[in-house]
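Two complexes, one shared chain (subunit A), two partners (subunit B, subunit C).
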Partner chain A sequence: MKFLLSKQYIAWYFLVPVLIVHFLVVALPSVLSLALALTDWNGFGKINYVGLENFYELFDDRYFKKAVWHNIIWTCLFLTIPIALALTCAYLLTGIKRGQMIYRLCFFFPYMLASIISCQIWKFIFHPLYGFPAWLNSKSIDLIPAVSPFTIKETSLYAVAFVDGWHFWGFLVVIYITGMYQVDNSLYEAADIEGATKFQKFRFVTFPLIRPVFIFSLVIIIIWSIPTFDYIWILTQGGPAYSSEVVATNLYSQAFDRFNVGYSSAIGTLMCIYTIFIVSIFAILRKLGWEI
Partner chain B sequence: MITAKYRKSELISNYFILTLLALFCILPILLMFFNSIKPQEEFGVNPLGFPMSIRLENFVDAWILGEYAQIFLNSSKLVVGTLILNLTISGLAGFSLAKLNPKGSDVFLLYLLVGISIPAQMFILPLFLLWKELGLMNTHIGLIIIYAGLNAPFATFLIRSYMVQLPDELFEAAKIDGASTLQLFYKIALPISWPVFLTAGLVVGLAVWNEFLFALTFIQDESSKPIATILFAFQSRFENDWGLVNASAVMMLAPVVILFMFFQKRFIAGLTSGASKG
Partner chain C sequence: MIKKLFIVFIASFFSLISFGAIAKTTVTWWGETNADRDPVFIEKLVKSFNESQDEVELVMEFKEALNDVLRTAMLSGEGPDIVETPGPSYVKEYQEAGLIASMQGYSDQYGWEDKLLPWSYQAGVFDGEFYSAPKTFESMIMLYNKTLFEENGWSVPTTLSEYEDVAGKIKAAGMNVFAYGSTGWQPTHEHLVGMYLNSYAGPDNVYKALIGEKKWTDPVFVEAVELLRKHMVDDGYWSGSLENYYALGWDDFHAMFASRGAAMMTIGTWTFGTTTSSFADISDEWDWAPFPVLRDSGDASYLLALGTTMSINASSDNQDAAAKVLDFVFSNKDVVLDMAADFQFGEFVVPLYFSADDIKASVSPQVKRYLLDFADATGKGNYGYTTWTFWPADPGVHIWKDMEVVWAGDISVEDYMYDHQKLWDKARKKNQLLPVGAR
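== the complex of A and B ==
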């Protein structure tokens, strides 16, 4: 019995509770999902092994391919607009002293909102009768038609992305500005003496120094874009006519409306493989000595 | 601090752009507050402005019609339960990783890192089937275990990085006095690490209060649902009663605003803690 109380074992006893809970909630179901992806189970009756059948079917599935395409658009949108806006904003913020903290809090606050609340706010602002477009129309400014963009095929995906982006971009401002404050002042003074423009100062002084935070933001945007679910499910449920369907909502309806256990597990497996692929690329690049 | 010299005109344009962007963030939220105290008739004439007349009964109506006494109790149970379970297990693990140097802790850390990266959709359906087998569906304890597990890697990393900085001498001295390892944890490490537990608690508590996907999937009984998914149902049921819908959202947001006023720095540091480590 004594060896069980030796220092090494005691250290591991402290880790056991986390291991048990995390294993039960994440690891075990993930492994089950890998296994179920190779079956045609529908939640009832016999479980038949079908090999990679589900994956072949997925590559032929029109709706799945559409969902993947929407995820790609989503990722590209988030990699450009919020980042550009947040970088500009953080850079401008470093130039002011008075009220800086207030601005920072304003930008960050939407990030604390529950998805359901942000969605509700913007659903109202775009409301066909009460919303902002309707108000513009009543002032006879026909800039935007007074219909909710969430209900139109051409705009639904972008409208949802806009709401999610509104909620998210302040987070980027805060992480960028934290990075920017580590920039040494003398570098700016040197740049001033050289007669650098504002943009040059940003490009050659600020940016290289916030590169680690910047790369971090790229990675989390790519990783967080894959399982994006809340905003789409709350605002459009993937509709109208699959125009805002993404992989996560596709999986959710396969899993919980149609109970195609095997099929939805195959989708989950692909999502997981993609995530691990992205994370490993960055881990390998870092190992190879890239400064990221 | 940056004292890069700005000309006055530049400073004004900076403030102008920043103010526009800040309004873009804050005005929609303010609108929700305004709309939560407007009577229903006013939406026809003044949906986007400052309320002309104030009707605080919206809150009472929403509270009664939505049976919020029960719903808020559900949400609070989930938050408190998750905090107790999650901070206990993460605190133990963080302490061990920081101070006891278990053999093979690299493997454990890698496991947690992979655990963070796996998308929820990968395991939500098997977890659903498993919870059904175990009789944990529609129970708060079932959802608490899920939340504790999902947030465990984050909390463990955060607590570990704080406890690493504690001086070893503290623990050596107590060990000589005959303290057991568990006593080292709760008599010495715990009392001086309260700031990190507060930060972790705020972040995890906020995540649970706001959580949607797992609450939607694992609690289907109307009477056990937390506020986030009730609001989802409420939204479609009372679609046209915007005063009530907005009052409900304000009630959900109120505790967050109050805590944010007291602990802004902690919230921001906790929620962005991944970024500083790079």
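== the complex of A and C ==
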């Protein structure tokens, strides 16, 4: 009895409530969802076991494949543009002594806005009748056609990614800048003595030392890109013509519009397997001694 | 002594009141929340029902995302006594799962079949029993700016050639043919597909396809969808272009119609309230007409549609009391008409038998004419079918969602209809078809 009250278990006891909530709200439904993937449940009535039928159907579903491809594009976009922009701006900001907070606040502000607000702002900016391009056209300035990029199948995915990226990149600036402030100033002084340029200081001093933060940002972007939903749903609902459909919107539509809950659980299962795969890669690399 | 007697009197009085309150059966009814609608329901329906008798207390609760909340509650054996769903495809799922009770006994007891319009009653009959009653019905119509039409000498089209002719004239005058858009509600496309299927192929053919006597791959349906594709993509009838149609929402297209940005608007009768208000302060006058027959001749028809349905929860302990509430709705035409008048018959239009004298003076003459015309035409069997009332869930989503793929030019109309037929075959095999009623 006494050993149960020993210090080594105290932390466990404090964590138990969280564990219970997590088990009931996350773990248990997740396991049930895995089981539902093997059924044809419609979300209401009888549950029939169908084996791997949902998965066979899924691999034959052209719109699911399209959605997966869009998720890959989405991940690639977020792994490049916001990161490059955020790294550059964060590095430049570290050199600004006065007014830095104003910049940081401006960059971070979109991240504090609710997704519905960000979306409405951009939707209105590109509104074909009352938006900015329409206003320019009314002044006989035909720089941009008065057509919303969210409604063109060639641009819809990129337009939504732009809005989401606009809201997200300020967050990256803040975490990179925090990492950069951890770098020992004497290293920059040494680099100055060696005559290093600003780019060389970034390449050989800053970047190697913020690598854990950088890798963390890569991991969260890859993981967060999988269930991406809100911006796409609000702006295009996956359209037009599935041109901005991603796996999460496909899952939602199957579950709540078409009542194919078993099928959508199969989609959810694949998303879960993919996430575990990504996290495992990083865990293995860490085991292999990579500094991530 | 007097003080003691007074206390006993007060205690007895409150006991009686409490006993009265306890003796009443409480019936709960969940509805989708809406700032304009909710107070009218409380004031005109709940209050009048509760004042009409002292056995049942009706409590109406309004929920955000009602469908999701309701499904969760029902699956766990909870939920309200009166269950509201967005349409028959939901009723079918609840009925199959045994989550709603058969109302056949109550229908026989109260004579609901004689009180409701036949097509609307039939839409609630599943496996031979009555499971859901309509809370509101609607139809697709074509609104037009009457003043504008008169100024330009345009005639309201009734056939395909007249339709394309007037559309050309409207475009030549620098206006959009129709104001309409789908942002905020992507299934808007199904309004147009349903109109073209019924107006081009004809309601008889649509009926045959619904009951499985005709395939959706039949050339008559392919041609109907091809005509819609041409009018939408090549001719830009709706808001000028496909992209604009995708970008405009409810407020946008109403503003476009009221400001002469477009001469006409294809929409459901749920718009009556908004259209009446948007034309209230301008000199132009609006009017409506049935959507033209997309052939050289023929009678226009009204598409039948149910907006919301009402059922009784199978796990309710107060089913008899819930049936009393529903019977109050079906038996009190004045209450229903009074509420519907508040929305210019865009909401709470329970499909009862109305006559011209029943309709209040506050209802606009255009709406009144529609109600009488609808009753007359549908009474003669001149009606078609909307996708959201007669299509099962999976084909019902395909009809609007994949329409965009056709408009984008990614697949042909033939392939689209082939996929559609496959989904119907699947739904038929799984016994997911919805009641259509004999034609």
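Convention: the second predicted complex is superposed on the first by the 266 of 292 C-alpha atoms of A that agree within 3 Å, B and C clash if a C-alpha of one lies under 4 Å from a C-alpha of the other, contacts with A are read in each partner's own complex, and residues count from 1 in each chain.
In the analysis below, a contact is a pair of C-beta atoms (placed from the backbone, for glycine too) under 8 Å apart; a residue touches a chain by one contact, two chains touch by 3 or more.
What you see is a predicted model; the values in this text were computed from it and never measured.
Q: Is the arrangement of subunit B and subunit C around the shared subunit A a clash or a fit after superposition?
A: Here the two partners, once superposed via subunit A, clash with each other.
Q: So which one touches more of the residues on subunit A, subunit B or subunit C?
A: B
Q: With both complexes superposed on chain A, which partner does A:I281 reach: first (subunit B), second (subunit C), both or neither?
A: neither
Q: Which partner does A:A11 contact after superposing on A: first (subunit B), second (subunit C), both, neither?
A: First partner only, subunit B.
Q: State whether A:H127 touches subunit B only (first), subunit C only (second), both chains, or neither.
A: Once the two structures are laid over each other on A, A:H127 reaches both partners.
Q: Taking the superposition on A as described, I'd like to know which of subunit B and subunit C A:A190 touches: first, second, both or neither.
A: The answer is neither, since A:A190 touches no partner chain.
Q: Applying the touch criterion given at the start, work out whether A:Q237 contacts subunit B, subunit C, both or neither, answering first, second, both or neither.
A: Touch status of A:Q237: second partner only.
Q: Once chain A of both complexes is superposed, is A:I72 in touch with subunit B (first), subunit C (second), both, or neither?
A: After superposing on A, A:I72 lies clear of both subunit B and subunit C.
Q: Just checking: does A:K153 make contact with subunit B only, subunit C only, both, or neither of them? Give me first, second, both or neither.
A: Second partner only, subunit C.
Q: Touch test for A:I175: subunit B only (first), subunit C only (second), both, or neither?
A: first
Q: Return first, second, both or neither, reflecting whether A:L52 touches subunit B, subunit C, both chains, or no partner chain.
A: A:L52 contacts neither subunit B nor subunit C.
Q: Taking 4-12, 40-48 or 58-66 from subunit C, which overlaps subunit B after aligning chain A?
A: Clashes occur only in 58-66.
Q: Please report the subunit A residues shared by its interface with subunit B and its interface with subunit C.
A: Looking at subunit A, the two contact sets intersect at 43, 123, 127, 129, 256.
Q: Help me check something: in the complex, which residues belonging to subunit A touch subunit C?
A: Within the complex, subunit A touches subunit C at residues 42-46, 123, 126-129, 147-148, 150-153, 237, 239-243, 253, 256-260.
Q: What does subunit C use to touch subunit A in their complex?
A: 67-68, 71, 75, 89, 93-94, 96-99, 183, 186, 241-244, 246-248, 252, 256, 261, 393-394, 397, 401, 404-405, 407-408, 410
Q: Under the definition above, what is the set of subunit A residues touching subunit B in their complex?
A: Going by the criterion above, the answer is residues 7-8, 10-12, 14-15, 17-19, 21-22, 24-30, 32-33, 36, 43, 85, 88-89, 92-96, 102-117, 120-125, 127, 129-132, 134-135, 166, 170-171, 174-175, 178-181, 183, 185, 188-189, 192, 198, 201, 212-213, 216-217, 220, 223, 226-227, 229-230, 233-234, 247-248, 251-252, 255-256, 261, 264-265, 267-269, 271-272, 275-276, 279.
Q: Over in the complex, which subunit B residues touch subunit A? Could you list them?
A: For this pair, the touching residues of subunit B are 1-6, 10-11, 14-15, 17-18, 21-22, 24-26, 28-29, 31-32, 35, 43-44, 47-48, 85, 88-90, 92-93, 95-97, 100-103, 108, 112, 114-115, 117-130, 145-146, 148-150, 152-153, 156, 181, 185, 206, 209-210, 212-213, 216-217, 228-229, 231-232, 235, 242, 245-246, 249, 252-253, 256, 260, 264, 267-268, 271-272, 274-276, 278.
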